[in-house]
Amino acid sequence: MKVAFIGLGNMGTPMAQNLIRAGHDVTVWNRTPAKAEPLKSQGAKLAKSAGEAAKGAEIAITMLADDNAVESAVLHSEGVAEVLPKGALHVSMSTISVALSRKLAEEHRERGQHYMTAPVFGRPEAAEAAKLFIAAAGEKSAVERAMPVLEAMGQRVFVMGDKPEMANVVKLTGNFMIATVIESLGEAVALARKYNVDAHTYIEFLTNSLFAAPVYKTYGGLIADEKYKPAGFRIRLGLKDMRLAIAAAEGVDAALPLASMIRDHMLTAIARGMEDMDWSATAKLAAENAGLR
Amino acid sequence: MKVAFIGLGNMGTPMAQNLIRAGHDVTVWNRTPAKAEPLKSQGAKLAKSAGEAAKGAEIAITMLADDNAVESAVLHSEGVAEVLPKGALHVSMSTISVALSRKLAEEHRERGQHYMTAPVFGRPEAAEAAKLFIAAAGEKSAVERAMPVLEAMGQRVFVMGDKPEMANVVKLTGNFMIATVIESLGEAVALARKYNVDAHTYIEFLTNSLFAAPVYKTYGGLIADEKYKPAGFRIRLGLKDMRLAIAAAEGVDAALPLASMIRDHMLTAIARGMEDMDWSATAKLAAENAGLR
Amino acid sequence: MKVAFIGLGNMGTPMAQNLIRAGHDVTVWNRTPAKAEPLKSQGAKLAKSAGEAAKGAEIAITMLADDNAVESAVLHSEGVAEVLPKGALHVSMSTISVALSRKLAEEHRERGQHYMTAPVFGRPEAAEAAKLFIAAAGEKSAVERAMPVLEAMGQRVFVMGDKPEMANVVKLTGNFMIATVIESLGEAVALARKYNVDAHTYIEFLTNSLFAAPVYKTYGGLIADEKYKPAGFRIRLGLKDMRLAIAAAEGVDAALPLASMIRDHMLTAIARGMEDMDWSATAKLAAENAGLR
Amino acid sequence: MKVAFIGLGNMGTPMAQNLIRAGHDVTVWNRTPAKAEPLKSQGAKLAKSAGEAAKGAEIAITMLADDNAVESAVLHSEGVAEVLPKGALHVSMSTISVALSRKLAEEHRERGQHYMTAPVFGRPEAAEAAKLFIAAAGEKSAVERAMPVLEAMGQRVFVMGDKPEMANVVKLTGNFMIATVIESLGEAVALARKYNVDAHTYIEFLTNSLFAAPVYKTYGGLIADEKYKPAGFRIRLGLKDMRLAIAAAEGVDAALPLASMIRDHMLTAIARGMEDMDWSATAKLAAENAGLR
């Protein structure tokens, strides 16, 4: 299929590579062109703008950092929305707000284009191995059309519903749930340490009994090691995602009290000097708040 | 080994049975004697009091509902502490407070007896299958002595440290972490439902991607089914455990803000009529608070 | 002085009247023109747009509902910013976000106009009696120039600093503090009632001993009477102000945990059917959460 | 009247002095006898134990630090309950738990004695000036009997109801409300300071407009001055009172979410080294959490 792939960060690059490997005709664009270069030898065409990439595409995929980046690539003049052929499909895979997702749906509808969402769960290594989990949402025909492309990037695609914003909500609540795991580990490890329980022994116990899931192993290990740098996912990005989850909830008159608390802890961690750290640094805050160190 | 087993609830009964099966010489006691009867035919001796059961025992195990039940069985006149032979070992497997655990350690020390803790994680089915996870703590020699007995009841024994209260802290923080899973699922499912995402589809996604741990499957299923009765673990017992975790933290000048929030949600759920329900009913509260139903 | 007064709600109308009474040359505008009519007989000129009102003014005052209303009146084409004479002063008295206040400052600066803020505290009766409390901020010369106008509307003007956003922060934190009073009264009264303490007796005690301030009397009375309708200040407006306070804090990397909690309670109250009520309805939520009624 | 006054701390001493001045026949006792000495020359009799003071008394007043001190003075052998004449009245003025207050009521009832509560609001200077606010609760006849004695110590007595625990709840919620004032001031001042608003200017504004109550002036001043030592009321005592308020609420299946949050902030402040400070040090925590200093 003729695919435009927009956004070549740590996640986007391996995702685009998997599309090339799967035999799709891929044109890529990235704000910093240097990141696009290596894909050329692998068979990608390089575009000079997001709009140029989308020209003539059947499917345009956006995998960008945040709302601003997506708006700028899609909605500005000569952006994706202006250029994408009638009947073509925009698959938004970025972690964006419900509000922007609704706006994109509207803009594409007005132009006779299709729009769906397919945010991903997984780290760069999972992206490389085409092992991402993908939550897709949109009209049935759109999702079906995108399926071969999505399956080239992920190990499993879950269809969440027929409104694009549904998968955005799934992505945002998923990140909220990971943040909750981190917060609970942070508080529990701090308390265990106050009672002189060794943090590694404690995590070893948790992750080999009730909490034998990768997310507990990954973050439990970081917290036991007190290794908050380099950041796998920066705390300010975590803060942004909590803000988006809270906004998504406010949009339907619902509170997420746990997300509010975690958001406040993230802000406090940043204010107290942990801005450069991983979002698991809320565990460092919990330890400091317990008087450790 | 000559073992006294005190407390034959849903958990205690299969645990005692596994000890009998493993060839130990087991004397049992339960406040309601009818529950002890069936064990007789399986080879247990029945005692008329906790103290009588402990008479001549090498190891006395308590597996009781709460602090009061343990105090009453162990510290009252003619209780376990008074009767247990010098040099014998009390293994406290109940979920009790750090404060009581310290008091028990002191009382046994004064009498020349040994004391350790070995609280368990798992449901009655895991107890039957000898698949419990056991967190043990106490002096090395005590833990080694108890090991064959513990291994007859659990699939794995994790040694948390040399002070008995350490395993109590592990148990209490473990329950706190489960409560956190429930709270996060409750808030996330409520939000997903507000966006018309099907709760089962949502849980299916979570538990087959990032959160593929039994605790998410068990509680995710209950929450998607909105099946809060009959209670597997009553919300008032969950509330008690949050209170004990918070008290354990206060004992070392630490806060557990997430536990405080969950405790308040449990109290609110009870006040609003969910007293008979499972502790996962905090998810029902989250749904009501989001205006669902 | 030649004054444009933009926004004639419950607060704006009496404020404009006081300016007329003080002898100023006042041109008014309101989105719904009917509200402007009565002021004509009192000596005001009526303008057909915000921009028209600002034409030739020395001071343009905006007293509008929210950010959107202010942006629309000031920043749209032919709005206040476009029309206001060079050297003239815009006094923003609305409760708006720090972000918008900064933007306004920038826009006016670029056009050679002056900008300051002067949000007010007080209810419509206080506005009528020219008894408002006013928090002013901006360049010293601007504040001095506006002083006679401000003093015609309030009983006292407090100068908070030389950056316009400072008074916005004071207004937003002031509303946050009032919301805190409501929340604390709500929780305390609910608990007192659970112990069969009469709510009026309780409030009588509080407001005649430690908490003898009008804000406690006003809201304590409403809560004891359980009189949440008609709304003096709608809960959705309170919610908006909490959101703005939280955003102001996030803008400088600070959390306001108490505001987060109150915001969540407001959202929950709205979700549970209290949307038409006064913002003191968080006390009704507290009562329901305690199982009262 | 023949009065036993038990507990001569910063509050008890001036209260007892006012009773002597009012012409009552006062016998005092204090655990540290040196504190009782000065009262001798003012006309008090000194007792060697709480029980001895209560011997033959018509009214026994306890004004002690906490539950333990009250239990030890009243319920131990040869304590007040054992010695107080049948028909005499125990007036508990200490800040104690609802649970203990109920227990005292029961113990006195069994012995044919009367029991009521009359906790006080005010600082030592108010006690000296007989300007305390007193919340009284108990059977009507008991309250009437105590009235002349209470009026000798306070500026006003508010009768809260006929069950003694009612006034304990009023005292505990009153302290909770003061703690809320401190917390809200702490968060608001921190935010104002982040925007370079001068803390004193800010407090000057608040306490001369909406929040013109002594409690705001007192604590607003301390917070603007960042003067958390010497402690007027130690943070650990504040923590104890939050715990009692939360326990009183839990006793009737109610949550006090705001009290939970403040309690956690107090614990965190203590863990982070503010143990010696005034309970207004939660404002110092708020400032640190905002990255100030």
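The first chain written gets the first letter, and so on, giving A, B, C and D; residue counts start at 1 in each chain.
As a working rule, a residue touches a chain if its C-beta (ideal position, glycine included) is under 8 Å from a C-beta of that chain, and two chains touch if they have at least 3 such contacts.
Here the structure is a predicted model, which means the values were calculated and not measured.
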Which chain's centre, taken as the mean of its Cα atoms, is farthest from the centre of chain D? A
Distance between the centres, which are taken as Cα means, of chain D and chain A, whole angstrom: 53
Roughly how far is chain B from chain D, going centre to centre by Cα mean, in whole Å? 39
List the centre-to-centre spacing of chain A and chain B in whole Å, with centres computed as mean CA coordinates. 37
Would you please write down the residue numbers of chain C that are in contact with two or more other chains? 249, 253-257, 261, 265, 268, 270-271, 289-291
Taking chains as nodes and touches as edges, what kind of graph is this: line, ring, star, complete or other? complete
Spell out the part of chain B that touches chain C in their complex, as residue ranges. 268, 270-273, 288-291
Chain A partner contacts - residues on chain B that touch it in the complex: 98, 121, 133, 135, 156, 158-161, 163, 165-166, 169-170, 173-174, 176-178, 180-181, 183-185, 187-188, 190-192, 194-198, 201-202, 204-206, 208-216, 245, 248-249, 252-259, 261, 265, 289-291
Can you tell me which positions in chain A touch chain C when the two form their complex? 243, 249-250, 253-257, 260-261, 263-265, 267-268, 270-271
